[in-house]
Structure formats: structure tokens, C-alpha cells
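One structure follows; several queries about it will come next.
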Amino acid sequence: MKRILVVSGPNLNMLGRREPDVYGTQTLGDIEAAVVARADDLGVSVSFFQSNHEGALIDRIQAAVDDEDGIIINPGALTHYSYALRDAVASVGLPVVEVHLSNIANREEFRATSVIAPVCLGQISGFGADSYIRGLEALCDVLMGERQ
Amino acid sequence: MKRILVVSGPNLNMLGRREPDVYGTQTLGDIEAAVVARADDLGVSVSFFQSNHEGALIDRIQAAVDDEDGIIINPGALTHYSYALRDAVASVGLPVVEVHLSNIANREEFRATSVIAPVCLGQISGFGADSYIRGLEALCDVLMGERQ
Amino acid sequence: MKRILVVSGPNLNMLGRREPDVYGTQTLGDIEAAVVARADDLGVSVSFFQSNHEGALIDRIQAAVDDEDGIIINPGALTHYSYALRDAVASVGLPVVEVHLSNIANREEFRATSVIAPVCLGQISGFGADSYIRGLEALCDVLMGERQ
Amino acid sequence: MKRILVVSGPNLNMLGRREPDVYGTQTLGDIEAAVVARADDLGVSVSFFQSNHEGALIDRIQAAVDDEDGIIINPGALTHYSYALRDAVASVGLPVVEVHLSNIANREEFRATSVIAPVCLGQISGFGADSYIRGLEALCDVLMGERQ
Amino acid sequence: MKRILVVSGPNLNMLGRREPDVYGTQTLGDIEAAVVARADDLGVSVSFFQSNHEGALIDRIQAAVDDEDGIIINPGALTHYSYALRDAVASVGLPVVEVHLSNIANREEFRATSVIAPVCLGQISGFGADSYIRGLEALCDVLMGERQ
Amino acid sequence: MKRILVVSGPNLNMLGRREPDVYGTQTLGDIEAAVVARADDLGVSVSFFQSNHEGALIDRIQAAVDDEDGIIINPGALTHYSYALRDAVASVGLPVVEVHLSNIANREEFRATSVIAPVCLGQISGFGADSYIRGLEALCDVLMGERQ
Amino acid sequence: MKRILVVSGPNLNMLGRREPDVYGTQTLGDIEAAVVARADDLGVSVSFFQSNHEGALIDRIQAAVDDEDGIIINPGALTHYSYALRDAVASVGLPVVEVHLSNIANREEFRATSVIAPVCLGQISGFGADSYIRGLEALCDVLMGERQ
Amino acid sequence: MKRILVVSGPNLNMLGRREPDVYGTQTLGDIEAAVVARADDLGVSVSFFQSNHEGALIDRIQAAVDDEDGIIINPGALTHYSYALRDAVASVGLPVVEVHLSNIANREEFRATSVIAPVCLGQISGFGADSYIRGLEALCDVLMGERQ
Amino acid sequence: MKRILVVSGPNLNMLGRREPDVYGTQTLGDIEAAVVARADDLGVSVSFFQSNHEGALIDRIQAAVDDEDGIIINPGALTHYSYALRDAVASVGLPVVEVHLSNIANREEFRATSVIAPVCLGQISGFGADSYIRGLEALCDVLMGERQ
Amino acid sequence: MKRILVVSGPNLNMLGRREPDVYGTQTLGDIEAAVVARADDLGVSVSFFQSNHEGALIDRIQAAVDDEDGIIINPGALTHYSYALRDAVASVGLPVVEVHLSNIANREEFRATSVIAPVCLGQISGFGADSYIRGLEALCDVLMGERQ
Amino acid sequence: MKRILVVSGPNLNMLGRREPDVYGTQTLGDIEAAVVARADDLGVSVSFFQSNHEGALIDRIQAAVDDEDGIIINPGALTHYSYALRDAVASVGLPVVEVHLSNIANREEFRATSVIAPVCLGQISGFGADSYIRGLEALCDVLMGERQ
Amino acid sequence: MKRILVVSGPNLNMLGRREPDVYGTQTLGDIEAAVVARADDLGVSVSFFQSNHEGALIDRIQAAVDDEDGIIINPGALTHYSYALRDAVASVGLPVVEVHLSNIANREEFRATSVIAPVCLGQISGFGADSYIRGLEALCDVLMGERQ
């Protein structure tokens, strides 16, 4: 059974409490529950990790080299400047899908740039919790060998 | 039954013939067949339109106001400069999902910018034909009222 | 009797249906009727052309060399990038007035730049349908020899 | 009877004496006379103010809050950098039309940017004295309630 | 009694030991003692938190949602790039005042930009320890209802 | 007794009448009265000067060399471009505190830059009239020798 | 016999009528006649296509995959922004030579940049109709196997 | 006898009092006395004007059209942004020499740009009071017909 | 005996496992062993610290004030944005040498800029593990008083 | 008989020895022999000059004023920064054609800019040795009076 | 007797032959004769050096350390990019005056920047041969001790 | 025995005479003597070349193809703009190490960019003469086969 790591970056633990007009009312727990349900359908296992610490996120991503087959990452605001996170993603040699809850292209200008995206397989943004679900499906398709 | 328009921009008719290392070996017809299959699963109908003409794409998108409930668009290279296409997308008042076959963030620098994205619901890129499939699912979720 | 061509670019056919808070509720037909009425007062004839196709707009502008004495143009979003349209305007050797319904200086940043303006006689923006009327008057004054 | 203030900025008192190839041979007095004539036609009263002093222009615009119903302004070179003048225009809460004698889009690059335009109703440039006349008409249309 | 959190970012624990010509000879302890004294005068309680870890700062700011009524923050060098810290500040929904010991406008160019400031209530810089004291007073005024 | 000059730049005389959602409902007179009250507490005398004229502001600041011991300045929109005002501030050799009513970091992009700030002692923004009060306190602390 | 397609972009049909000080007095027909004459010398056949429509140019270039062995293209003003045309050129897998009548390096600044050039074999500009002739010779040399 | 106007901009009245390490210890009066002495040698008359008001400087320069044969101007900090002063200089149709006491190329970056210089005859900077003397000589040579 | 701290930033613990074409096959342990061997030759002691956490790196560098005489640092991707790390380096008052395994000048553009370098003694890049060895020698020379 | 100077800049003497994947295997001698052969056909004489010294290139170009009728120049890397070479080209008053072996538009970004091109007649790049041949033909056409 | 070196850079040997509308009809010999005449008046000796070679100019400037007391330099086009020449000027420790025949502020944009100016005493431009004469006088004043 | 060429660019012959606070008091001869001593230890031979002429430096580097096995280069100010020198370094196909005496990252902004570095093996800066010694060691390690 394929194992997938779902990583969420700074402030995503505040979901549901934080700016609902931008991020909706679902908590991160709600999203993770939806991901688990869809993972069950797809026959893959998922692990979750959230941290406000760039270093902890890097530590966890590095550990995936031994423990997981693919990664879904929502880097939060680290998306826009953390070249260290980018290097971690690039170094693990696993397929990585970047997801965002909101459409980062129509908010503040700094959010339109992702320093992580160039080293990912692909990017999904703007669909709220569904961004995670769609990312899970896309990653599974790749892992299942339907697509190289 | 919800109706969805799938729009493909310049040069996408060359898929399969064109730079397979970047775009894969599937033709646009192959992709459309896969979209139809998934649409059947989801219980929605799909129409397809491809053109190398910016004006024809705008004409077709405008017509969707009366004929469709949502749009999936791969604007091709118009992504990077066609403010006219952007205005067409903004004017129809339908949910629009932007998709790309390749990861536009790790190619030439000009491809990293989308002038269409700010007026779309969301964006999916990097999964080949699966970008269309994931876009279809995401759009259906929105149309089905599961998410606003 | 002087003949004047009134050219409207992409998406202007959607006026009245599209984002009324930005563009008002008048249709392009309403505006053209107002222009005709004012043209009658001024003793000039007017022709109208709208297209979502950059190439069709260029074709029509080129034809004005033989058929008209001056041009009023609202290039829509082509204002911001169509150097081909600019060259068409520059090549016809007729006085051309650029008009915009909205104040393009207080919207998205990309709208503040016109690549067409440098080859026009002048520019009028922000007065809704009145921008066309004022452009007609200004063009007539020039054609009537009151001003070089 | 509606009262309109016509404000002219630095160096416009030199009109007719100054670079006639750019600005024509009319003096500011000539232009004001033409504006008065057109105002009589339109049934509005006009007041004129010209100064080379940014501060005096701001003082006069502020006074319009009590004395006038709308403003036509040719800010001269202050167009390109006077955020103080911009704030004055924004603060009075009256409709303001920005006018320029020459086409500011085809001269030195710094003239293509107006820091005043974003807080005006609209902008007219390139028609010499007629820019003032067209501005007067456009402003009257707004004041007369034909357009909001 | 209103509770206020005072957050100090990376390297501020080195105050008094570090570049005294830029930051003075007071230690962070000295500053905190002065803040406590002034807080006593104002009838508010204060808590302090300093860390060199961006993640720890975010964790602590998030906790303030339940524990404090307002925040004074000196983000240190994170001021200039930590969008994650910015999001934390934006998410807590409390009034936040940004303070700096030195005048960040007359040092290296990168220090002139704060990515935190746009989501704060206001900013005070250049007064050494007094920046904290003034920030405390300003925050109290807001919390006491004298202004908002 | 220490004497302090409080300088307010263009359009600040319009406070209370102008854009209350941005600047509040207090008039400049209200603010000055609050400053006087606080100055009495602190045992310093204050003089006030407001002008819409850059030159008049410079003249007054220069006069402070002989008449005052410190300056509080809200340069209004001159903040963003008046290098002449900057040179005046730099030339007087007195401690100068820059204050702003609103948080200039979260408005139009041009307001985020102050050409005055690099030659001031410090900067306070975002607290409405309290910005002046906090500036007065900060300046008094410096003048009273509590801080160099 | 090698077949070569000669493509001319927007406004080149106006040659001879349009700005003769920039483009000379030859018509596009004159140029094409000269190209035919030289092609006869070189023993290759040539086809011509001119359009003001970006989409039509792309359609025709795509068709060359089956019909021609190489392409000479003068993209006109599309040179400076049409990434769609660039993708068409890149996709056909034929040697393509970009030509310009005028020296695009000493005109308006925007003309100095070609988005097409990076995907062409080479570029010739500044020699009027001779640019086409030289391009034909260069392309023939490549097709004749004298150079890879 | 040729008449020459010597114009000094904002803060130059503070010379000798202001930052002597940058501007030296001479007062503006000292410099003007030196200019008079040299003017006597050269057989020309000189008038002086200093103001901190951009508008007053423009008024005086405009008056030179009738009263003087040439102008020496040290625009002070207006050098770097006053397009209104630039237009005044351009409009008078007299030879104008720009002078600066300090070497504006090796101070703050903003001082390296002069918006006035492009419309002057020439520029002299870095020689303290001697910049004025050298400017006087250069201007006299031009006025005396030794050089066009 | 002089004590030297060798600090390695994010992802350097992955050396040997990560992108061997860029970073070679040596592990960080291999490099540290080589550094120890060379340190023995030079008669200095070395301590090592690696972390993926910016804050932990800052904590350790601060501790060097009391424990070490000099620092060799490979900041990894923090090189390009961590002003907090820069401030830590600047604050310790020890000689610091920045080293990089690869030639950061010929990789992605963002890697060409180091925000740490301006506060270091010098920089060595491009020699793999030898960059550390050369940095050790250079630092020893400075510490041994051979060079100021 | 018309005389033509062929100038080659820095490092072109290394052709054939240097990076054959970029520049091919022909030596500069091979290219010059091909140019001589074609010159014989065309009935013109050619002289050659290569140097790694900017100054020597300028000296030789200046000498062409008396000795040659036109110039073909491959400035090598001086193309991108030598304004001195540009001024030499501009000063001789002869028709000059700029040639490059490789397509400078698809290599490093700095190679896309030529400071020489604006003062040349035209530019040919991307055809290896054929760039020289095509340049010779184009220059001859101009010298032979077939084209102005 | 003070000795002064007058250095002229690339292409200045072409003066009188080259673009007389920009540089006038005087040759460099004419200018040098005028400088000698003025030097005789001032009681100083002058040496001249012109070269098209950056290296030769640097060699000569370095030699001035032993042979001259001050330098007048017209760097020609090297003004805009030769940091090597700048370093030579900075290294000699003599007062250096930069002169230009034309007003470099109103020509091509690249000419407005001097990389030499920041390390000179001052700069004189726009007065043709008189720029050298005024530079000589200014330099003599400095050498004669009238000004530091 | 491996042969190494040590190249020093413009103004480095002035070392010891020139700005000792930046470059120290050692002459280039002193540095070369130290390099010879270290080369003897390492068992390699060294040749030295210094010139103020870009062209002479290129000539010498080209000659190294036949005569040396590796190069150490301090390009002086040519570091920042000489693409011709860069091409010479790239063309020789030898390992090249770039060295600088001072830390080029903390001086004028233009010195932070090296156009040579991308084609070198690595870069060492900030250690005075020791930069050459460390470069020699690093180059020897590569030549000795200890590292590829």
C-alpha cells in the first residue's frame, strides 16, 4: 500500500478560526478527515504533519525518504520565500504536489510567487479543502503508474 | 444535468506531435476522451473547443453565458499576455478553472506568470491529461454545491 | 461629409451584461445610438465595427484608409499589449482618438499602460458612453480644420 | 446654476510664449475665453485659477468644497509627482476631470504617468484647448445628472 | 485588567552585548523592566516572549488569541521577510503594534521594508527602549476604547 | 522650558472633513488641543504650523533653529517625494520625529516610502491623533536627556 | 525540390503605403517577386502567406509540418509579445529564420525584444527586402546540408 | 551689458550653518559676493534670487524672459524631482547652466539623478562656490558668442 | 588552543544522499572528518553543528561568543534570505568565513545572492568539501595573527 | 572596386578550438577563406582584422574612414557592453553590418542585448560562418546602390 | 609649477571629423591648444594623453602619481562602464575633474550614468571645448589651495 | 610538474600604494613571492601575469591552453563587466579559480556581481594575499586528482 505524507505549513493550524472570508470555516482537522476518507477510497495510507517551524517541516520531509512514497504540501506563507524548504523538497527524490486553499494569484502580489513550485510535480490552488483531495488523486495517479 | 465547456488554446491541437518530452505523447483527442469518460462518471455533460485564434476563444467563452454552467480552460501561451482573454473569463460570471499540462513554474521565466489566473476560481498544473480530469472534478464539486 | 469609423475591441459586445459596477448598464448598441445622434448634430457620418479578434480589428482599420476620414477606437484589453494594433493605427495616416469607458488609471496596474496611445491624437477615458461622444466631438474639430 | 472651477498648474501661464511646436500658439487667456463661451452655451458658470505654486493650487482646490460643483484641472508638470495635489483632489469630494493640451503618452517617458488620474473621474489629453472644452462638457454631463 | 503580550524576535536577546553603537547598551531585561513599570502605571499586565525561532514566535502569537488582548512586537530581522509571521499576526484578530529600537529607515536598504507592518495597527521606530514604552501606551489607548 | 514645534503638511487642515474612513473625524484643531494638554503635563511648550506650501514648511522648519528645541512633523503627502523638505529637516540639527495618522504601510504602494524618515530620529504611524501624542512623549524623553 | 514557406505578419500587407521613411516604398508583392526570383536561382519552391490574424499565422505554420521544409518569418509587431506564435514556431520542428525589414534595435525600445528569436535558427534585420533574400539563402544553405 | 540671473533653490540660504562637512563654511552671501567680483571682471551684471518655494523659483525664472540673457541655477533638492522647475527652465528659451556645490554623484543614490539637467546647456558640480564661478564663465562664453 | 565552530545549515545533513551531480557523494560526516584531520595539522580544535532550524543555528552562533574564537558557516539555502542569521553573524563579533560546496554563481539566479556575505570576513565556494578545508586554513591564518 | 573591412572581436581567434557545440568546428581562417571566395564572386575586396583588444578594434575601425567603403563586424562579447566600440562604429560614417555565429537570442540572458546594433545598418545572427557570407552580400547590395 | 595631466578617452581623436552636430567642428588638437593657452595664463604646465585603449589610459593615469599634481579626464564612452578606469582614478590619490563636451544628460539614456564621477572631485559637461577650460580653472583653484 | 598561471587584472600593480585601508600594505610582488613559496611546498610551478589591458589578459589566458594546467585569476574591476574576459576563461577548458583580496560583498553594490564567476570552478574572496594562497591550494587539489 502506497504511503503519502500530507504536510501543512505555518498558521494552517488556525484554519477555521482565521479569516474565514479568505480560508473558509473548515478546520485543518476537517480537511484531514476528508483526505483520509478519500485515501481509503483510493487504497493508500496517509500521514499528516503540521508545524509553524520551517525547520520541523524540513526534518519531516527528509524523513519521508524512508517512510513515504509521495508528498502533498501546503507550505503556507513559506511558499513565498523558503528556499530551505524548496531544497528539502528537491532533495527527497519523491513526487511532491503543492496545494493551496485559496487562489494565490488574486491576493497580495507577494503571494503570486512560489519558490517551491519549480521543484514540485504540479500545483493545485483555489479549491479550499478540495485542493488537498485533488492533489491526493493526482499524486495517486502518478504513484499508481498511470502516468510518468 | 450540468454542462461544462472545456477550452484549449493555441497549439494544443498539436499535442502528441509536439515536443513529447515536455507535453507527453497523448493527443488532444486522447485527453478529451478521458474527460468525457470522467464526466460520465460524474453525471455532467462536456463540450470541447480548441482554437489558435484568441478572438475565437473569446467568442466561444462569451457564448457559454447562455450554454454552460462552468468552464475549464487551458489557455496555452495566451496564459501569459492575453488580457482580452482574461476579460472574457471575468465577464461571463461562471466558475472557471485554469489547467496546464506541464508545470509552468519550472520552464522559461515568462511561463511562470498567468494573467488569467487572478479571475479564475483556481489553477491546476503539471499533471498532463490528469490536469483536465482534476479540474473537471474540482469544477463539479463547486457546481454541485459542495463548496461555494 | 466627413466619415468616421468607430472601432470597439474585445468583450465590448458584452457591455450591459458584464460587470455593471465597472462598465455601467448601457449596451454597445445604446452607445452607438448615442454616437449616431451626436454625429447627426455635427454633420458627419459614422460606421461601427466591433470584434473580439485582433486581426479583424486590424483588417478594418486598414480598410479605413480608403473609406474614412478619422477613427475613434476603444481597444478594450488590447490597449495594454497589442503592438500589432498600434502599428495598424500608426499606418493608416488618419487622426485617431482612443477612448475608454472607465478610468483606466484607477483599476488594475496593467490597465494604466496603453501601447496604442503614443500613436493616437489624444485619449479620453472615464466618462462611460460620454467618452465616445467627447471623442467624436474632438475628432470632428480636428477634421473640420479648427485645429491641426 | 452649476459652478465649475478650472485650475491650471505651473508654466501654463507661459502658453503661447512657450514651445509652440508642443503647445500651440494660443495663450491661456485664449483658452479661458473659449471655455467661457462654451460654458455660456451649457448654462454653467466658470472660475479660473492658475498658479506656479503647488501650495496655492491646493489652497484653491480646497476652497472649492464650498464654492464650486466640479473641477477641471490641468496640473502641468505636477501631474507626474505631486501626491499632495492628488490628496487635495481626493479630499474635496467633487467630480474632477484631468485635462492636458498635448498627448502626454508620446513625449518624454516621465510624462506618461499621472499620479493625479487615479483620483479623478476621467482624463482627456491631446486636443490642445479643445481638451478643456471636452472636459467641460464631460463634467457638465455628470453634474447635470445624465450620468453618475 | 487588560493583558498585553510583548514579543521580541531573533537576536534581541543579545541586546547590550551587540553593536552598542546601533542598539545602545540596555539589555532586553532592562527594556522589559521599563515596560513592566509603565504597565503598572497604566493598569495593564504584560507577558514577555523572546525567541530566535520564527516558529516559536508564531506558536506564541497564536496562543495570544486565548490569553491576551493585544500585542507589541519587535520582529527583529524577520521584519523584512517572514510572511509566515505576518500571517500569524493577521490571523489572531488582536490589535498589534510593531516597534523597532533603531530607525530602520536610515540603515541598510533591506531594513526599510517591513512585511509585517501592513497587518499591524501602527509602527513605532527609532526611540530605543522608548519605542516599546510608546507602543505600550498606544496599544493601551486603543484597548481602553479611547480610539478605534 | 523646552519648546517644541509641531508641523503639519498639505491637506491636514482638511482633517475631519476629508475621507473620515481613512483619517477619522477629529479636526487638526482637535489634535492640537490634545497635544497642548499633554505638553502641559510634560512641562513643555508647543507651537503649531500647518501649510499646504512646501516652501512655507521649509521656511518654518529653518526658523526653528533659533526658536525651538525639537520638531514633530507630519509631512502629509510630501512624505513621499519632497527631498527639499528632507534637506530642511536634516539641516536644522534638532531632533525630529515623523508622525502619521494612518498606517502608511497598508495603503497605496507609494505611501509606504518616506524620503523624510532617514533624516529623522524616529517614526510613529497608525494611531490617529495619538501618533502626535506619542511623538511628543518620545521627543520629550530625548530632550529631557533620558536618552541620547 | 525543397519547399519553403514565407510568412508575413500583421500590417506587412500595408508595405509601400505605410511610413515609407521607415519601411521603404516596396510593396509586399514586390518583395515576394524578388524572393521568387532568388528561389528560382537556388532551385527551391516558395509559398507565401500574410495575415493580420495571429491565429491564422499559427494555423498556417502548423500546416507546414506536412507541406514545407523550412520557414522564413517576419512576425511584424507580434515579434514582441506573441508567445502563441513562438510556441507554433517551436512546435513544427523545422528550421525557421526570423527576418525584419528595419533595424529593430534602433527604433522604439519595445521593438528591441523578440520573443520569437529564441526558438528560431537565426535572425536577419535591417536590410529591407534584402532581409528576406538573405534569409532565403541562409535557410537554403541549412536545408542543402551545407551546415547543420 | 549682458545680464545674468543666479537662482538658488531650497535650503541654500542655510549654507554655512548647515552640514559644513558636506557644503563648506561659506554662506550664500559669501558665494554671491564672489560671483559679483568675477562678473565685474567679465563685464556682465548679475541678479540673485533664492527661495525655498518651488513656485517662487518658477515665477522668477519666467520673469527672466524679459529681464535677463542667461541663468545659472542651483536647484537644491528640487534637482531630483521638480518637473515643474524643469518645464520653467525649458520654457524661457535662455541658456541655463546647472551648478551644484557638492559632487552629487557620490552622495545618496537619489542625488545622482537630475531632472533639470536634460533641458540645461550644461552642468558643473563638486567645486563648492567655484561651481558658481565656473558656471558664470561658461555662460558668459556662450553669451559672448565665442561658442554656440 | 584556538577553538573553531563549523556550522552547516538546512539540508546539508542530506549530503551524499541528495543530488550527487550537484553536491558530490561525500556525506557531511565525511567532510567533518576531513576538517578534523586538517584542524589537527593546524593545531586548532573544531566543533560541529548542523540544523535545519534557522533559530537553532542562531542560538548556536550566539553561544559561540563565549565558547569559540571563529566560525566557518555554510548557511545552505538560508544564505539567500535569512537576515536573522545575518544579524546573528554580525552580532557575535568573531571572524566568520562563509563556505559553499558548489559554485553558487552558476546555478539558479537566486543562489547568486548571499545576504550573509556582507557581514563575513570572506567567502569560499565551489570546491566541495575542500571549501571547508580552505575556509579552515583562512580562518586560522587570521586567528594566528598572520593577517588582520 | 569596393573595399570591405571584416572585423572580429575578442576570442574569435579561438574558433574551432573553443566550445564546438556552440560555435562549430570551423576556424576563423576557414571563415575568412569562405568570405574571400564569396567576395571574389561579388567583385569586392576584403580585409580582415581580429583582436582581443577593444582599443585595437577601435583604432582599426577609425582607419576604415580612409581605407574602406563598408564594415562587417562580429564584436564577440564586446557586443554586450562596449559603448566605446559603439561610438567608433557610429563615428566612421560607413555602412556597418553586425554578424554573430550563434543565435544570441537563445543563450545567456546578457547575450540578448547588443549595444552596437542601434548604430549599425542591420544584424545577422545564428548561421555560423554563413552569417559572415550573408552580411557580405547584404553590405554589397547597399554599396552597389541597389538599396539605400 | 603645478603639473596637470589632461586625459581623453576613446574616439576623442576623431573630434571634428565625427558627428559635428553633437561634438562641434573643433579637433582635439584645437582643444588642447586652447587648454595650453589658458594654462599659460594660470601658470601651470599641462600634458596630454589620448588613447582608444582602456588599458593605456589606466597605465598613464597610474604614472601620474609620480609626475603630475592633478588630472582632467574626458573618459569618452568608458564613462559609462569602465570600473577599471574608475579604480585607476580612485587609486592615484590626486584631485581629478571629469569633463564632457556634450551635455550627457540629454542624449541616449546610457550616457546619463557615469561610473567615474563618484571618485572624482567634480564634473563639468555640456560646454564643448570650454568644458576642458573650466575644468582646468577649477582644478587649479583646488591645487592653488584656494579651496580644499 | 603541474603548471599554474596566476593572472592579475587592472590596478593590481598598484597594491600597497593604493587605498591600504581596503587592500592592505602588501605589494603584488609580496603576494607573488608568497604564492611561489606555497607552490614550492605543493610541488607545482607558477607563472605570473598582470596587466591593465583587458586584451592582454585575454591573450595570456588563451596562451595558457598550451602552457598551463590551471589558472588563478583576480580580474580586478573587470570582474564586474568584462564578458570578453569571461569568454576567454570559458574557452580555455582549464580549471580556473577566481580570487579577490577584499570581501566584494560588502563594498559598493556593483562589486557584488561577478560576470566571471559562473564560468569558474570556484571563488575565494576577502582574505587579502591569503585568497591567492587558498586558491592555489584548491586548484592543486583539483589538478592532483583528489577531486574532480
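Which chain is which? They are A, B, C, D, E, F, G, H, I, J, K and L, in the order written, and residues in each are numbered from 1.
Note that in this section contacts are C-beta pairs under 8 Å (C-beta built on N, C-alpha and C of every residue); 3 or more make two chains touch, one makes a residue touch a chain.
A quick note: this is a predicted structure, and the numbers were derived from the prediction, not measured.
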{"item": "Shortest contact path, chain F to chain K, counted in steps", "value": "2"}
{"item": "Intersection of contact partners for chain I and chain K", "value": "L"}
{"item": "Self-contact between copies chain G and chain J, residue sets same or different by half", "value": "same"}
{"item": "Interchain centroid distance [CA atoms averaged], chain B/chain F, Å", "value": "54"}
{"item": "Rounded Å distance between chain A and chain L, as computed from the means of their C-alpha atoms", "value": "47"}
{"item": "For chain B, residues contacting two or more additional chains", "value": "53-56, 81"}
{"item": "Every chain pair meeting the contact rule", "value": "A-B, A-E, A-I, B-C, B-G, C-D, C-G, D-F, D-H, E-F, E-I, F-H, G-J, H-K, I-L, J-K, J-L, K-L"}
{"item": "Sites on chain H touched by chain D in the complex", "value": "53-56, 58-59, 62, 65, 81-84, 86-88, 90-91, 115"}
{"item": "Residue numbers on chain K that touch chain H, as the complex places them", "value": "97, 103, 105-106, 112-114, 117-131, 134, 137-138, 141-142, 146-147"}
{"item": "Touching residues (chain side chain G, partner chain C) in the complex", "value": "9-11, 13-14, 17-19, 51-56, 76-78, 80-81, 110"}
